[in-house]
Amino acid sequence: MSLAVQLAGLRLKNPLIAASGTFGYGVEYEGILDLSRLGGIVSKGLYLEPRDGCAVPRIVETPSGLLNAIGLQGVGIRAFVRDVLPRLDGYDTAVIVNVCGDTVEEYAEVARIAEAPGVDALEINISCPNVKKGGMAFGGDPRMTHEVVAAVRKATRLPVIPKLSPNVADVTVFARVCEEAGADALSCINTLLGLAVDVERRMPRLAFGTGGLSGPAIRPVAVRMAWQAARAVRIPVIGIGGIASAEDALEFLIAGCRAVQIGTANFVDPGVYSRILAGLEDYLRRHGRESINDVVGSLRFPDAEETGGGGC
Amino acid sequence: MSLAVQLAGLRLKNPLIAASGTFGYGVEYEGILDLSRLGGIVSKGLYLEPRDGCAVPRIVETPSGLLNAIGLQGVGIRAFVRDVLPRLDGYDTAVIVNVCGDTVEEYAEVARIAEAPGVDALEINISCPNVKKGGMAFGGDPRMTHEVVAAVRKATRLPVIPKLSPNVADVTVFARVCEEAGADALSCINTLLGLAVDVERRMPRLAFGTGGLSGPAIRPVAVRMAWQAARAVRIPVIGIGGIASAEDALEFLIAGCRAVQIGTANFVDPGVYSRILAGLEDYLRRHGRESINDVVGSLRFPDAEETGGGGC
Amino acid sequence: MVATTSPRPPASRDVPLVARRPLQGPYLLLTFRHPEVAGRTRAGQFVMIKANTAADPLLRRPFSIMSVHPAEDTFTLFLKVVGSGTRALADLRSGETAGCLGPLGRPFPMPPEDHEALLVAGGYGIAPFVLFGDELRRAGRRARAFYGGRTSGDLQGHDPFTALGLPLACCTDDGSFGHHGRVTDAVEAYLDTRPGAVTLYACGPDAMLHAAARLAERRNVPAQVSLDPWMGCGVGTCLGCVVRIQRADEPRGKYRCACTEGPVFDARDVVWAGEGSSRARREAAAVLR
Amino acid sequence: MVATTSPRPPASRDVPLVARRPLQGPYLLLTFRHPEVAGRTRAGQFVMIKANTAADPLLRRPFSIMSVHPAEDTFTLFLKVVGSGTRALADLRSGETAGCLGPLGRPFPMPPEDHEALLVAGGYGIAPFVLFGDELRRAGRRARAFYGGRTSGDLQGHDPFTALGLPLACCTDDGSFGHHGRVTDAVEAYLDTRPGAVTLYACGPDAMLHAAARLAERRNVPAQVSLDPWMGCGVGTCLGCVVRIQRADEPRGKYRCACTEGPVFDARDVVWAGEGSSRARREAAAVLR
């Protein structure tokens, strides 16, 4: 029985990847869990320079969700390569760098520096809702998306994985643009733009104002978008959004995702990977499947006939 | 102390309106609650003819959310006017008809028939994700949105309230298009398109496949969109999405909505209106305000300066 | 037999838990104070109830009213814990409240005077028959009960039932308690004893209801089934609970709300998935003849 | 004084509740079994804990570890119910488990040998001082405690504390218990008695911490404050708990995680909203001089 998956030229020992911004640089979890049990780790978003991030409060809870405006506080790509990467050396897990930039040139430059020994792939963050430049300004515009992805593609030999935004009308447009621009896989999705109001103070609950919504609340939207993206392109899709159990992960895999990322659930329970891995193995056993790949894309979507009633 | 609001030429005794598809035709709640305590009632979506709707299952729960694909099962506008409207006659509440159509002509025709004594306004449903024609096909395209709203505008003297979809990149584009086409107010938002997978059967949990996500889970997204829409147009905005308490309603009001609609919470607790009304009065009292209108749009959104750190 | 619906509207209340009695396994009895439910419930009706105000799980859940105690203004549910909503109810402490709307739905119609009522229950489907057994007894009707489950652990709730003094036949799929076999087989065996006119009443899992309906059709006895669809509101507004029902003179049947027009339906009218209704079959046969 | 951090990583476990003791009002004591927390906690450290697996409320919540019982592998929290997360914890029954990660964060540093430790607590801020009082006693340091709340009901948790045999001064804003006035006033009154070298330790609401920091600055005594920001993860990955900290030679200070570099910080380094840090003020004054 095998949980291994192939993705963008990488072989992951299992389809579970820690999502950017929810797992620090990996090293924070040393000793709490065994990093070698993960299929991969995506770093916190990295710019060329260190960043301070947003004022506090930066995170607030909403029903079954987390709204955040961290503002990409981080050490910068050089410090990551110099200080953090060596500490990840001993672990048998794919290391993926989440690449950020205020300009196309910055994305490319970060990508160039990130191509260091020990880095297995680059995820291009064109979908962060919590920055005033870059982020959504790129991921919400097909032309800019193409430009950024193509520039990073040119700057590196590493696999390139754009991370798509859910704050668009049609995710398949962006999926196809990324494929054309040379992407090796897609990450789908980043957070949904949200606003929570402190009614006593009549101000947003987050210092930044708006924020990105993650967690179980968004899972139905995320599964839908990952499913749409997976049907639109031939490159593999990594599903993200509200995964906290094996069942949740299977929703994405069955809908067509080759792998999944786990975000907010890291905060809720660092033991989430062991639980999900055990659950996936149990599922394969119960369903008599040899490999997790047999499950990927196995969703039987009803055709118009089956949905009954003329009304819909 | 007053909870009354003016909206699209209507005077509502309070800003609480029952949302379409979650309150039947109102009469289902006779005896369970006092319909005259509501600011208004929006009918279930109505086409020219009765409809059968989708196969079952039609509703499934997701974390803090409800995913539905009812498919607009309904009695049709003529039966509504003939059989239901007289039964609402004795109640002191605004009656709003949710107008649906497969074609622009059908929308206009339904609007014409709906202009009957006892109907106070029309809500145009161009945002239902659970129909194969009409619905999102109109609400996702600014040109079609304009056409439908203008056609209904021409067909009736009643106030016209288009209901916007959240499944768009920029809700303000659609808000402005509706205003230009002659809308008197906007309803914001309908459900988010989602997919939930039954992993044991490897099929969607809903018979129809995808569905519309509602409930507390979507509130941060809904507040954000209602806030964006309210800043983009001069006509009033009715906030909708995940409201279950006075605090939730206040989030929308403070963000700039003149009124709110309550959907999924009707299922959870038919006593929700009394609870919210008491909560709103308590809020006004505690904050020394005379009228709920003093609260509308009182959100103080931080400017770049206040959000601190250069990073965001 | 005419469908009788509750004459007065249901009442939504925050109801305190007044008693909690764990049974074996995932089963327990919960008693709440709710004057309207205690006062005007008819057997077969249900409540929509939710333990707390958390948003997950979100909706109230439907449960048959097992018994009412009008003198104390209370009613009792027979609960099987299967997921988060039932878990939250089971975790309530005495005095804590739950949001509750009821009584809801169409009750079991009384059988004709000369009929014996055969109550066929699977699992928690026993619940409404406790109240119905009582109603039948008061109305002086003959009745007997058949109670099936997968294994002995699924027949936990029968002691309040035997107390009614009705003949009760228990069956388990694995033979661990009572007769070995399916509950509908036991009913069929009873029919083989030619007991005279009977009306069947069935409540339990879908497959059992379907088997009961087929049996009734085969033996040409009237039957009422209490269906068990997913329900969102309980009052006919969410349209989530619809089942396809084909009444006399309806060529295709219509989606009808199980919460308001059911949960109890005439078995002939129920359109079973991939099979149609027995009424349709009979009418088709009549045309052929 | 050198920051001492826990030498070994925290452990994430499902921990059973072994004892539950309600106190007056919204307060209670909860004891869980967690070998690592019981075995290696230092005073000032905390756990992240959540009662169940429901998605609402979503995240674990931070609580100071009030006491540990290594022989039983257990630790105790002093809980004030304020919202849904604390409510869910308070509703746990013995034997039920909670997801728990700990011990986390930077503990209170020991005072210099010749210093008396003044423990200044507001509300549930008393919790970490129970363990710290114990550590100080074992280390043979002098200590005394000041415990304030709005009203007598907020001083529920002091009996396990008095048991330690430390001098304890209670204060309430409304005078309903102990001294009438703010807890920092009581501390200041004590400083007026010229007690010799002291180190201040403060834990409680923000306003109290700020008042304590200002007092320490004014009287030129070293102080450690345990901050209370919203926390998402407890291990430095969500970056939600950051506070602006300005260490020596830092012109502006940096956002630092209260979960890993705190929650206990040197009061001089804390940049208070709209005011800056006392270190910055002193340095600015030095430049002027």
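Each chain carries a letter (A, B, C and D) given by its place in the written order, and its residues are counted from 1.
Here is the rule we go by: a residue touches a chain if its C-beta (ideal position, glycine included) is under 8 Å from a C-beta of that chain, and two chains touch if they have at least 3 such contacts.
Since this is a predicted model, take the numbers as computed values, not measurements.
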Centroid-based (C-alpha) most distant chain relative to subunit A: C
Between the pairs A-D and B-D, the one where more C-beta pairs touch: A-D
Averaged-CA centre spacing for the pair subunit D and subunit A, given as whole angstrom: 36
Whole-Å gap between the CA centroids of subunit A and subunit B: 32
Centroid distance [mean C-alpha coordinates] between subunit C and subunit A, Å: 47
Of all residues in subunit C, the ones touching two or more other chains: 55-57, 255
Overlap residues in subunit B, where contacts from two or more other chains coincide: 52-53, 56, 63-65, 73, 215-217, 309
Chain contact topology (line, ring, star, complete or other): complete
Residue numbers on subunit B that touch subunit C, as the complex places them: 21-24, 28-33, 44, 52-53, 56-61, 63-66, 68, 70, 73, 215-217, 244, 264, 266-271
List of subunit D residues in touch with subunit B within their complex: 55-56, 255
Of subunit A, residues touching subunit B in the complex: 51-56, 62-65, 67, 69, 71-73, 130-132, 140, 167-169, 192-197, 199, 202-204, 207-211, 213, 215-221, 223-224, 227, 242, 247, 250-251, 254-255, 283, 295, 298-302, 304, 306-312
Residue ranges of subunit C touching subunit D (in the complex, touch as defined): 54-57, 84, 91, 93
Residue ranges of subunit B in contact with subunit D within the complex: 63-64, 216, 309
